[in-house]
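Take a look at the following structure, please.
Going by the order they are written in, the chains are A, B, C and D; count residues from 1 in each one.
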């Protein structure tokens, strides 16, 4: 049986890394490299690599690979992870009352653009329920008040654990996550912010952009970290605006950007094409 | 003789403005409207208009127009200006040691893209002299030290006055202008900032963009006001960057953006296509 | 009661047009001009105007306006049309088995981006039915075979007539319309073609783009005329591709472009912001 | 002494290529890989690789490398080339009377963006001479008439040979090159075409774009092959136009695109970042 896997590596740069890793894959698994990308950060002396490979070797699975690769990884001081394609990731989408990103993700998932299991849609509003039901995704209505906030968060953590969620997508989810929640999911929460970060952080970025009179508006998808709007940027895009565009026009044009940057981020994450370091991302094409 | 003129108007919005102004031009000058653009700011209740027209009427000149139009302008509470095409504007370019915007503006001027008289190039470095001489533009070397700063500024003011300069273009001029200097030239100084404002104000924006890990870098041309990097934005553009782009790549890509946004701003200003209000700009196409 | 209307005009250019039309609106209807845009084609000597205005006059309705405006229109040789906002346009969407544009239009309609009545979804496949039902739009399944083609077209014409359809949107409808059908709906059928026209006309444009090795792919929305892919272009957009993008990637990226250019075209058409002449379009902002 | 080199490879895809090549570089030269990029064309079964590496080994030079690498290359069926950074490429620019691309390339070269020796500027007009002289580049005026065309071409071939030219850049050179000339310089002539190829091939593309009413105009840089405008595309870019843009505006906006796509193509070629196959290009970032 042929196995496909993605190996992600980051480590201090040194001579012979590519050769050592390529040799390992050939020697141990008679691997057929489908894609290999490297990136060096010269200033920080770091090396990044993504290898997508195929193998017919019988022991090319999680336990086998970990046992075989560990000595080399120790010797070369590698941070690494491997994912076998057989295992489909499980995704939860959190959403509030703006549904355009959710509707977009659901349709893309149905079309096959987002290869994953959509295990859960969580919302503090009921308005997303019909879409969830139409696409057949379990829906959890968890209203939030200042009083219930902590309890709801615990409920969310339980839901995520029970469903073995790999990735949380905040599709215009308007509640602020607690540090505890964020730290429990490092590089596992993707948010869309409706501005060209770092411009217009915080609330009401389209209002701020309109007031400043910018000639382009943007949207940004990023991993969520403890500091609001400060996590590693995954993707950004912009579109032109003019004096003809009043605030509702900015919001409408911005929705298109939000859909694009969020769906790209999710697709790349699912394909293990993102590495993060120094609060930045490397996107392997 | 046929005269071409541009009439710019801003005023509180009210009924009948277009009709009143169009009627005046027809009745008084038998005008042929070449272009007419309006813009309303509904939130602020303001009206903006640009009319480019031709007339064969003998009294269609500065004094004649002012005398004829003043009563209507008072009645309708108009801010307005008129420019007759016969008069070519005089421009001064200020530059330091990065010459890419200067070289670009000089070539565009030679090609006919920037219809104006380039009356003066001012620099605190000698490096721009050869380009100035090649294109036959008077060059003023005015080195600046903390001690001479004030005297040099007076020298600049004298140069601008002596040359009857209409527009000052800061083509990567690395000296901060004094409030006195700026206030003496309201909406008459155009600067290029090498970031997508309001992101990365201040010094070394490419370094800041690199550190933040943005996926697009930008440049902004704007009118200079007393607050640094806070004046009305005229034009912005962006280009995509990736992990392959190290800091020198950002700087190199950014130069292309700077050339584009600065030259567009200058061209639009020279064509009287920019109106500014509420720290924004209206760009008439 | 306040009435809002859009007046569209095209005519041979001549002096005094703006004044004459503005005067009429003020004199006859005490109109408040919300937006006015003009465009001249100097080469062809043509004048185009769009005026959006409000009036409290009681006779500001279809019959009243026609009676009042006709003499001026004859005198100035105007082609013109007027639309009163009260009347909502009726739209039919034709679709085959690719549903991304349909899903996008339905969601935008629900969000309020496309102010119209979606009266009908017509398809030669059953696959669009669930989406149509979810959004509550009548669905007509009209399978086409070479034998039934003519009869089906008659069925379509009847459906359009019975539903008083104003605009037909071809959202990746893969059947070629007959000249009779097209000529019955001049400037009333909008199609999306999945290339940057006039590059890659005809079938399988993504395959052709991939084979040619272009660095950007595009999509185009246009009015349908008798000549395939040759109608007036309404909107185009492009996105970058690289050697990493194989044919399925082009198709996936292209879907995003198709959604954008088609939905913009529909929105502009519904707002009476498009004028067409000389097989081109003028888009009023 | 440290040597930097770029190794470019294309070959039938097979297992173990990356490992074999990486091993060779480590074993033979104790190489430090600065950048490594691979690309596979799954449909055609081809593999492409670019490796930029440093070595302190004394025999890391042209003859040494050829002797050492040849056996592996034969065994793996590789097409390959190696370039040592020490050797600066020699470039000739051909230009007619539009000088914007030339002026741009000259300024970029002076700035250090184009690391090469500009050995020669060739023109059928005298108008480029002042720019050539200002930047200190030898200028050859070779006027062309139908009668002299063949003799001039021979003169060009002699000039290119005498100057050992590596790359010919057609910076809006308006003469058609003979098949003999083109075939003598495979993948060694870069042209800029002022349209978004394959749209608007041939003469006067801006006129054609204006007539067709496109909403974006483009420019394309490509390698020149025997078939006009059909060579492998290196880079393309576009910009938005509207009804406000008359033909001269298209031409003016297009100049900016031409500058960008031509200068990027030259920079990438000089950095050995372009591989060509199947009439396409792979651009290594």
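Keep in mind that, in the parts below, a residue touches a chain if its C-beta (ideal position, glycine included) is under 8 Å from a C-beta of that chain, and two chains touch if they have at least 3 such contacts.
This is a predicted model, so every value here is computed, not measured.
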{"item": "Chains in simultaneous contact with chain B and chain C", "value": "A, D"}
{"item": "Per Cα centroids, the chain farthest from chain D", "value": "C"}
{"item": "For chain A paired with chain D, centre-to-centre distance based on mean C-alpha positions, whole Å", "value": "37"}
{"item": "Distance between chain centroids, defined by C-alpha means - chain A, chain B (Å)", "value": "42"}
{"item": "Numbers and ranges of chain C residues touching at least 2 other chains", "value": "242, 244"}
{"item": "Touching residues (chain side chain B, partner chain D) in the complex", "value": "99-100, 103-104, 107, 111, 113, 130, 134, 242, 244, 252, 255-256, 260, 285"}
{"item": "Parts of chain D lying in touch with chain A, wherever the complex brings them together", "value": "15-19, 22-23, 25-26, 30-38, 40, 240"}
{"item": "Chain A partner contacts - residues on chain B that touch it in the complex", "value": "39, 41-43, 48, 196-200, 212-216, 218, 232-238, 242-244, 246-247, 278-283"}
